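Okay, so subunit A shows up in both of these, paired with subunit B first and subunit C after.
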Partner chain A sequence: MYIKLTNGIVYDPVHGINGEHRDIYINDGQITRKPSSNTKICKTYDMKGKIIMAGAIDIHTHIGGGKVNIARMMLPEDHVNDLVERTELTRSGCGNAAPSTLTAGYRYAEMGYTACFEPAMLPSNARQTHMEMGDTPMVDKGAYAMLGSDDFFLRMLASKKDQAAISDYVGWTINATQALGIKVVNPGGISAFKFNQRKLELDELNQYYGVSPRDIIKSLARAVTELGIPHPLHVHGCNLGVPGNLNTTLETIDAVEGMRMHLTHIQFHSYGTEGDKKFSSGAAEIAEAVNKNPNISIDVGQVLFGQTVTASGDSMLQYAGHWHAHPKKWVIMDIECDAGCGVVPFKYRDKNFVNALQWAIGLELFLLVDDPWRIFLTTDHPNGAPFTSYPHLIRLLMDRSFRNDMLSTINKEAAASSTLASLDREYSLYDIAIMTRAAPARSLGLKNRGHLGPGAVADITVYSNHKDKEKMFSKPDYVFKDGVLIVRNGKIVKVVNGGTHTLRPEYDNGIEKSLKRYFDKYQTISLSNFKIDNDEIVEHGNSKIIVQPCM
Partner chain B sequence: MTLKLKLHTKPEVPLEADCICPDRMQSLNMTEIGDLVTYHGNRQVPLKNFFECSGEFDGEIDIEGDLVNVKHIGSTMSFGKITVSGNVGVHIGAAMSGGEIIVEGDASDWVGPEMYGGRITIKGNAGHMVGSGYRGSTVGMQGGEIIVHGNVKNETGHVMRRGLIVVAGNSGDFTGVNMLAGTIIVLGEMGIRTGAGMRRGSIICQTKSELLPTFTRSCDYLPLFLRHYFKHLESLGLIISDSLINSPFERWCGDSIELNRGEILLYAGK
Partner chain C sequence: MHKKSNISSAISKDVTCPFCGILCDDLVIQNQAETLKILKNGCPKAAAAFESKQLVTSAKIKGKNVPLSEAIDAICNILKKSQNPLFAGLGTDVDGMRQVMHLADKTGATVDHMHGEALIRNSLVLQDLGWITTTMTEIRNRADLIIFAGTDANNYPRFFERTIWNKESMFKLKSEQRQIVYIGNQLDGKAGINPNGKRPLFLNCKTEQISEVISSLHALITGAALDIEKVAGIKVKTLQSLAEKMKTAKYGVIVWSAAELNIPHAELTIQNFCELVKYLTRFTRFAGFSLGGDDGATSANSVCAWQSGYPLRVNFNKGYPEYDAQRNSTHKLLKDKEVDSLLWISSFSSKVNSPCASIPTIVLGTPETKLKFKPDIFIPVSTPGVDHSGQLIRADSVVSLPLKKLRTSSYANVSSILKQVIERI
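== the complex of A and B ==
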């Protein structure tokens, strides 16, 4: 059954198509070549004057796992102030900063997103993460398993086990938890926090295990490379939010010695100590380093003003930040001795010097990093802002006069100490198509997503070309998921379930022997129950598991 | 003339009727009142599908019928008076800031959660969580009065910060749990773990009660301020015996795992 999208203006950076008139044919959920002239086209959509892109992909958004649930439980005010009614198609829900699973899925689809990736799935919490993602309709999803502060790994590293064994453990974890990548959060720091260390520099030793964050990052990055995992090691580095952490970030870039690495929410890692307030922008230095090192990719974690909630595995930083909680309540907890979790509600204020400068630093990074293939659009939902603010962020990037108008309303001192006003760059639609579609798909190794060539899955978003880009990106005219029309004029017209992307890297299963011994001795659940079966994910509402190839 | 609402169809699943509130009904005509939106389960339905409306709104609303499945009556109200002739469902007077609610029958759980002002009188019994904070909230009731003539269940006055809760009957377990300030008076018996985690505030009880080991007895005395309270309660129609007014109370302070600035006053008369 062929569907034809005709007369549209196509942006498909993978194939170098920059705003050209092309017809797109969909058959059986996939984009195909133009069929022979005697093939029957069942449905033709006239997309005259409309912009066609692949479905957007969010590479880093906290939509599942224990921390989001804690945020939901802790913030009744977030629910009361944002109620979502049921409709004939969609179910009811609530929440802005930490929306319910269903609402999150609907809102993503209504913004033209067709895939979202949860970046912090703790292996011992993986079952809940997958269940929650299973409850998130409309979009494809996947998760990165979080390692680096877990006891088994740190023991291996401390006892100088050879890299092959560590790689086996990483490979085993990806298979057991149905993950798509590996993330490390404050390497070793979450563990160090429990031994009363309140900060951990890149070369400082975790007092108990005697290993440094540098060792951990290197070891994990090597494992990711050896296993052929397409997405580079997803690093939430040391010293998040600490003034002067810019140097830590630069050292971290050096630490991987040319191996591929993704630095996440780098805005929170780009602070200097200049000026009267000992807080300044390090965006220029970071952007220069990113431009210089083609092995590094980043996502920004842009801050936008308003009430949100910060949820992170980094209990060390969250503990340091709990004094600023708004409303005043917070949770810091340990999870199975393998990692931590901190949830602190927060309100970013435009008249506050630090918050205003954070906003400016994020935008400086966007504008100073040259290659849109290596910088992704995120707010680290919900840590910098809820994902529903993406259209606003896109307008800030595409519209210089709007950006400068906003700049003139923030804290004067912060505005004066930022170079934002002097940055003339405006993102084009082609750049946006790269950073929200093509680049994330390439970084995650999703070969048949993020582009509109033959063989790609027909995840397509169609926008009206408004001058106001916020309006344009908040309300797409059409969204297709697997070739099915799911959104029309920014409203859901059909509810579907996306699949879960996973990997099956090869590893030596001999590691399971020592893991079995470890589990029998220390863990609360047995090894066989720890692993997540395909059926569990499929039965729980997901339509399918999509296994991505390793490199 | 008062506005009269009569339940003509019993809702099968809970009906969320936060529109039954003087603030929302003010200056509406009868058709508009009938068209106010309620949620029957998760479906929107107009108020008239369940209630027969008559009379005219002059600040007072009388409601008749078995309202056990009707939630959120009088939520966020700031003035006026609501009288319920029978039993009523959960969340009555949630976050109200003024006015008065009188329930002739029993109330369900969550009477006046997070209320700021006004008065709720329950002539029968009430359920759990009277005058408390919602799960996840750090502050519960912040002002106003809740008077229950019958018994209440557990966690009365949870995280309450200001205001008065009076229970003429018995209260369940965890009375005043985690309370920050305010006053709770129980004229009957209290369950166990009274005042667990309380920081400040007063819990007054007419009977002896077993307290947690984190409370210490400081003295026996005749608290004068209680006479003012009891007088006020008499004016509200509660029966206070003379012996209560003229007797000493044991003062216990706690909870020592928190600030230790709360007090529990237990009747020490014969």
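== the complex of A and C ==
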């Protein structure tokens, strides 16, 4: 059952195709070579003048799990202006900062996204994260398990267990929680907060365990490397949001000693202390360090103006930030000797100096980091802005005059202290195809995603080439998921479920002996019930498991 | 979850008990000729539920036995004619609740849980000022001062065993170092006596006065002087000494059970707990913990939130979800005759039964269900975690547990029945 997309202009950076006329053939959910001339083509789509890219991939978006659900429950006022009616095809729900799972899935697909990755899955909350991802239709999903403030790991590190045992534990966690990667959030800081520490520098010790964030990052990065996990350790560093944290970020880059590392929502970690307000952009220094260190990749966590909610595993710094909550309500949780979370609603205002400068810092980073293969487009949904603002963000990157128009509307002092006006760079469609498709797929180890070559899964997005890039990326003409047409003219035409990406790294399962002792003594759930069975995702979750190979 | 295997005369370990909100998952249960026996762990509640024999009954329309398929067609007929259906009870697992939400969306129904009143008491606090909370494993390993406010946790028979009197904890905290306090009316503090026989501290007051006591503690902790001798019959000196303990605690916890705070505007009392916890967190660590979530209430609330955006008490009548914690209550909707059909779901041997309403009523209940009226349709359903596998979310809304199938049941589960309704309607 062959499908042909003809006459389109293809952007496929994995194969170096930069806006060339190519025909694309789909068979059985996959992209194939041109079939022999006597093969029947069942359906041909004329894509004359249209732009064809692989389906977009969001490498860091909080779409599921406990803290997202707290945000939903906490913010009825967020939903009331964006209620979504049911249709013959789709379920009702609501959108904006903390959308319902169903609406999130539909809207991602309607924007041309075909895969989304939840970056902060607490192992103790993993089952629910998978339940929510299972109820997020249209797109493929996956999650990074959060480690680094969990007591089992900290006990190992404090007692100087050898790295092999730590790697076994990390491998076991990936397997037990059906994760695709490992994330660390405020390394050791979430634990330190439970001991009443209120800040933790890179070389400051967790007062109970006597280990530092540097020790934790190094150990986890090494485990990720040794296990052959394709995605590098996903790091939400120390001191998020703290003025002067650019130095922490630079030191963190040094701390991994050349090992691969992904620094997430780096905008929130790129602040200096210059100027009257003791708050300034560190984008130039950070971008320089990223440019110099090919082992480092980043996503930006761009701030865009308006009401949103910040939902993070970083209970320590969310507590510190709760004074800025808007509206004035917030949640902090300590969780299971495993992790924590904090949910603080927030309104970014364009006339506020700090918020305006945060906006500018994010854009400076985008424009100063040279290699689009190592920088991914995110708003850290919903922390910097809801994911539905991606088309607007793409326009800011591709259209310098639009960017400068926006710059002229923000807080004057912030605009004056930013170098943004002097940055001429405009992203090309090819760059966008790299940073929203090819690069995230490569970083996550998804070999048959993010490109349009033979053997790729036929996740394809087709746009009209409007001059207004916001308009172009808001409403693709066609989206195909696994070769099935799911969106036409920016609206769902068929509902599909998507699958769940996981890994099966090799490790010595002997680690379960000490885990069993630990669970029996200290936990309130048994080891066997902690682990998530395939059936829970497939039979109970209405999803399918896609096992990605390790390196 | 386990594939179907020969389960007669089998022993299952690490069984999750779905019969209260704390979901103990260490039960060992034997199935001998389809009769279950708890061999290890468990509690009287669990024993009563797991070990009861399955009654033989049938789907019924107006009291008359009918095949399941006929009963499902009859449900479709009622819901098709209904302008404002109410789906209540909602005693089911995550899968069951997913189908409840789908069907509610499709039929424009209102959804509320049998413990909806307790759920909204917490939701209102979350939506007004928020809170700082903790989970069971944190309490088990860290809590050195635990204040039970308006509850003795006796509805959760193993709460103390599993989270407070554990022999070992991770941070060198010995169980006898834990200070237990009860604030409320005639609370039974037996479970709070520590392994060395030390009795807990009791502050006796009426449930309505708990808030006053908490506010006084809050004032004392901020350093204010109270120019009276007693608050709610409790000496200020006693409060002062407790206030000192709270200030010096390393990790204090206030435990409440929203269902047991049966007073008007209980949310204000809960908010007082939460604001005191927030204040204490400015200089030490403190957290709240809400006991509850029986009959799948936490799962129902959570699934409702992720699928609609709102926690429970949601109405889909306009084609999109509308949240109204007060108006969409089962009691109120029935009393004000705002609904014209009732679907009641209860698959966990609940003590709460379907209300008798003067509108077409469908009951999906355990085979043992005894009603004082004949519903239009009754379908006996299997129980998650006994008769079929599934998943439930624990009281803390963080941990969820897999449920096992322990015996064969001839009854269909809620999820499969509702799926058929969704397909046929």
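We adopt the following convention: the second predicted complex is superposed on the first by the 547 of 551 C-alpha atoms of A that agree within 3 Å, B and C clash if a C-alpha of one lies under 4 Å from a C-alpha of the other, contacts with A are read in each partner's own complex, and residues count from 1 in each chain.
The rule we apply is simple: contacts are C-beta pairs under 8 Å (C-beta built on N, C-alpha and C of every residue); 3 or more make two chains touch, one makes a residue touch a chain.
Quick caveat: nothing in here was measured; it's all calculated off a predicted structure.
Engineer: Fit or clash for subunit B plus subunit C once both are placed on subunit A?
Structural biologist: clash
Engineer: Could you tell me if A:73 is touching subunit B, subunit C, both of them or neither one (first, second, both, neither)?
Structural biologist: Both: A:73 reaches subunit B and subunit C.
Engineer: Which holds for A:488: it touches subunit B only (first), subunit C only (second), both, or neither?
Structural biologist: Touch partners of A:488: none, neither subunit B nor subunit C.
Engineer: After the superposition on A, what does A:64 contact: first (subunit B), second (subunit C), both or neither?
Structural biologist: Second partner only.
Engineer: For A:328, is the partner it touches subunit B (first), subunit C (second), both, or none of the two (neither)?
Structural biologist: Both subunit B and subunit C are touched by A:328.
Engineer: Between subunit B (first) and subunit C (second), which, if any, makes contact with A:85: first, second, both or neither?
Structural biologist: both
Engineer: For A:98, is the partner it touches subunit B (first), subunit C (second), both, or none of the two (neither)?
Structural biologist: Touch status of A:98: second partner only.
Engineer: Counting residues of subunit A touched by each partner, does subunit B or subunit C come out ahead?
Structural biologist: When the residues of subunit A touched by each partner are counted, C comes out ahead.
Engineer: Going by the contact rule set out at the top, does A:471 touch subunit B (first), subunit C (second), both, or neither?
Structural biologist: After superposing on A, A:471 lies clear of both subunit B and subunit C.
Engineer: In the superposed arrangement, what residues of subunit A touch both subunit B and subunit C?
Structural biologist: On subunit A, the residues that contact subunit B in one structure and subunit C in the other are 73-76, 85-86, 91-92, 328-329.
Engineer: Which bits of subunit C are touching subunit A when the two form their complex?
Structural biologist: The touching residues are 1, 3, 13-14, 16, 25-26, 94-95, 98, 102, 105-106, 123, 126-138, 140-142, 162-163, 168-171, 250-251, 281, 284-285, 287, 301-303, 305-311, 316, 318-323, 389-391, 393, 397-402.
Engineer: Quick one: which bits of subunit A touch subunit C in the complex? Just the residue numbers, please.
Structural biologist: Against subunit C, subunit A makes touches at 64, 66, 68-70, 72-76, 79, 83-86, 91-94, 98-103, 122, 124-125, 127-128, 131-132, 135, 151, 155, 193-196, 208, 319, 325, 328-338, 343, 521-526, 528-529, 532-533, 535-536, 539-540.
Engineer: Quick one: in the complex, what on subunit A touches subunit B?
Structural biologist: Counting only subunit A, the residues touching subunit B are 73-77, 85-86, 91-92, 327-329.
Engineer: Please name which positions on subunit B make contact with subunit A in the complex.
Structural biologist: That would be residues 42-44, 134-138 of subunit B.
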